[in-house]
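Same chain, two partners: chain A is paired with chain B first, then with chain C.
Take a look at the complex of A and B:
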């Protein structure tokens, strides 16, 4: 029963990560690809759009699959600690991919009657760097978790055994 | 609960609060930036009236340009490090051989940093350049070099850039090859 519950939990989290790391960014970039403001077309270059979507999909898939293994593993197990750490590292790469794919400095062309009259650039590099800082603290926390699971392995097993025994008696 | 888990929960709660505040600031900043840049809000008016220009080639040191503008920061954060940049390119026909060959020359280039506009405040000013203050005198052709039987054509590039939302965003709007007419 516990295995089925963990499997379902893994599936649910995988779906959540697919939505947040792939579907929402994909829909956002597709939505802003061509915007019309006061009769003026503001267009994201096709090549730039393709590059951003490629990196988001690549890392999104890796993160989502890792989320399945992380959340379907038993609580406080080394397996969970390992996958959680890998997932956080992938999250860092995912955020970093926004920078090297060009998504942190998105350039839109301003088009009036098929003629480029200029462009708008939105640079969110500082924001991404700040999120990277938050992720660094999360990596530290996951590293701490991993060491804790290894060092206190016996204690964790005893607590789990006691809990399982209590559940069995009741 | 083991003490190591209590420490972990404290760090996790701190991280959660930090991430939520950061996300709130980013979202609020994004929506607020849209209200500032929305053309229907008329908060950025460049130019705010007819620009005045004197492109008299016979007296380059007296050449001048004045572009009135006003910017209202209708967002919730301050607009910081605001810069306006203006370049003018002149297309003219050369008088000396080779006959009828046209040349492009940049005659004006100036960037002004207006600093910060606090939220809710209005900046009403002129972008101006007179003589050597903006005009590239060394590159401006003398009247002898220009064939006035062909019209002089002026193009302008204009850039507006600023940081927003505690410097988390920086945006730049660039209009290129804007015809100023002959």
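Take a look at the complex of A and C:
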């Protein structure tokens, strides 16, 4: 029962991460690529778009797979701690990829009747940096969790086995 | 406006306020994050997504296998096996301990029996040993007495022999001493006569030598006197010559 439950949990979280890290950003950027506001075409450069999509899908894949491993692992286990930490680090890289791929400062070309009139740039770099600070704290927390799992390994195991026994009996 | 500008402006203001408030705390953290990410990112391939897909598949498969094998609700099989083995070993140990205790009791009983037997035998042996010791002591005393008498007799015999030998030695020594004394007296007489003869010879020689010395002395004295007279004569002649010379010079 435990194995299937874990597996299902892992699958669900993997799906959630795929949608949040890959599908939604992909759809957003494809929608943004050629958006029409008040009859005016705002076009995202193809090269920029490709680069953003590449990094989103690369890190999205890694994050989703790590999420599967993380959430299918038993609670407070060392492997869970390890993969949670890896996942957070990958998340940081994922967020950072928005910056270095140019997604934090997207340049939109304004096209009216096939003529390029000008461009708009949306800069969310500071927001990304703030998010990085938050992630730093998360890394510290996950690191602490990992150390806690390693140090109190036997205690955690015994509690977990007792819980599992209690669930089985009930 | 294209977007609702007022709303965006308000949002931007809020975010800006948050950022400026958190900036002193967040910026060092952010710079550290940027540093490690810049160091790590060059290792990620930028050519194709295949490596990422492979990696993701590997992680998912690994996760599925590991977490289905060791779901965490039971201790791993190898631990269960180990526990079983430990239990079996403990049971065997307990059985062995019980057997050992039984054997130890039997051995103790046997040991007690053996102790009583040994004590009895020891008592018997002690009595026997005492009797034997007494017999040996009596024999020893007899032998000592015999030896003492024998030694006394031998000592007496040796003493008489020694006395006889001492007497013989004394008589021999006396005889030899008398002979030696006689010889010594003869030798003394001889030496005395020889000494006397030598003294006479020496005296005669000394007298001769004295006479010779006297004659020699007289001759020498005479010679010296004649020389003195000659020299006196020479001195007189020279004084006369001097007087003549003085007179000549005065003139």
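Here, the second predicted complex is superposed on the first by the 163 of 170 C-alpha atoms of A that agree within 3 Å, B and C clash if a C-alpha of one lies under 4 Å from a C-alpha of the other, contacts with A are read in each partner's own complex, and residues count from 1 in each chain.
The criterion applied here is as follows: contacts are C-beta pairs under 8 Å (C-beta built on N, C-alpha and C of every residue); 3 or more make two chains touch, one makes a residue touch a chain.
Treat the numbers as computed from the prediction; the structure is a model and nothing was measured.
Chain B and chain C, once both complexes are superposed via chain A, clash.
Contacts of A:62 after superposition: chain C is touched, whereas chain B is not reached. Contacts of A:130 after superposition: both chain B and chain C are touched.
Look at A:155: by the touch rule set out above, it reaches chain B but stays clear of chain C. By the touch criterion defined above, A:141 lies against chain B but remains apart from chain C after alignment on the C-alpha atoms of chain A. When chain B and chain C are set side by side, the one touching more residues of chain A is C. Overlap of the chain B and chain C interfaces on chain A: residues 37-38, 120, 126-127, 130, 137. Within the complex formed with chain C, the chain A residues making contact are 1-7, 10, 14, 37-38, 40, 54, 57-59, 61-62, 64-66, 68-69, 72-75, 77, 79, 83, 92-93, 96, 100, 120, 126-127, 129-130, 132-133, 135-137, 157, 160-161, 164, 167-168. Taken in their complex, chain B has these residues touching chain A: 2, 4, 8, 11-12, 15, 18-19, 22, 26, 38-40, 167-178.
Residue ranges of chain C in contact with chain A, taken from their complex: 2-3, 15-16, 18-19, 22, 25-27, 29-30, 32-34, 37, 40-41, 44, 46, 49, 52-53, 55-60, 62-64, 66-75. Across the complex, chain B is touched by residues 37-38, 110, 116-127, 130-131, 134, 137-138, 141, 144-145, 148, 152, 155 of chain A.
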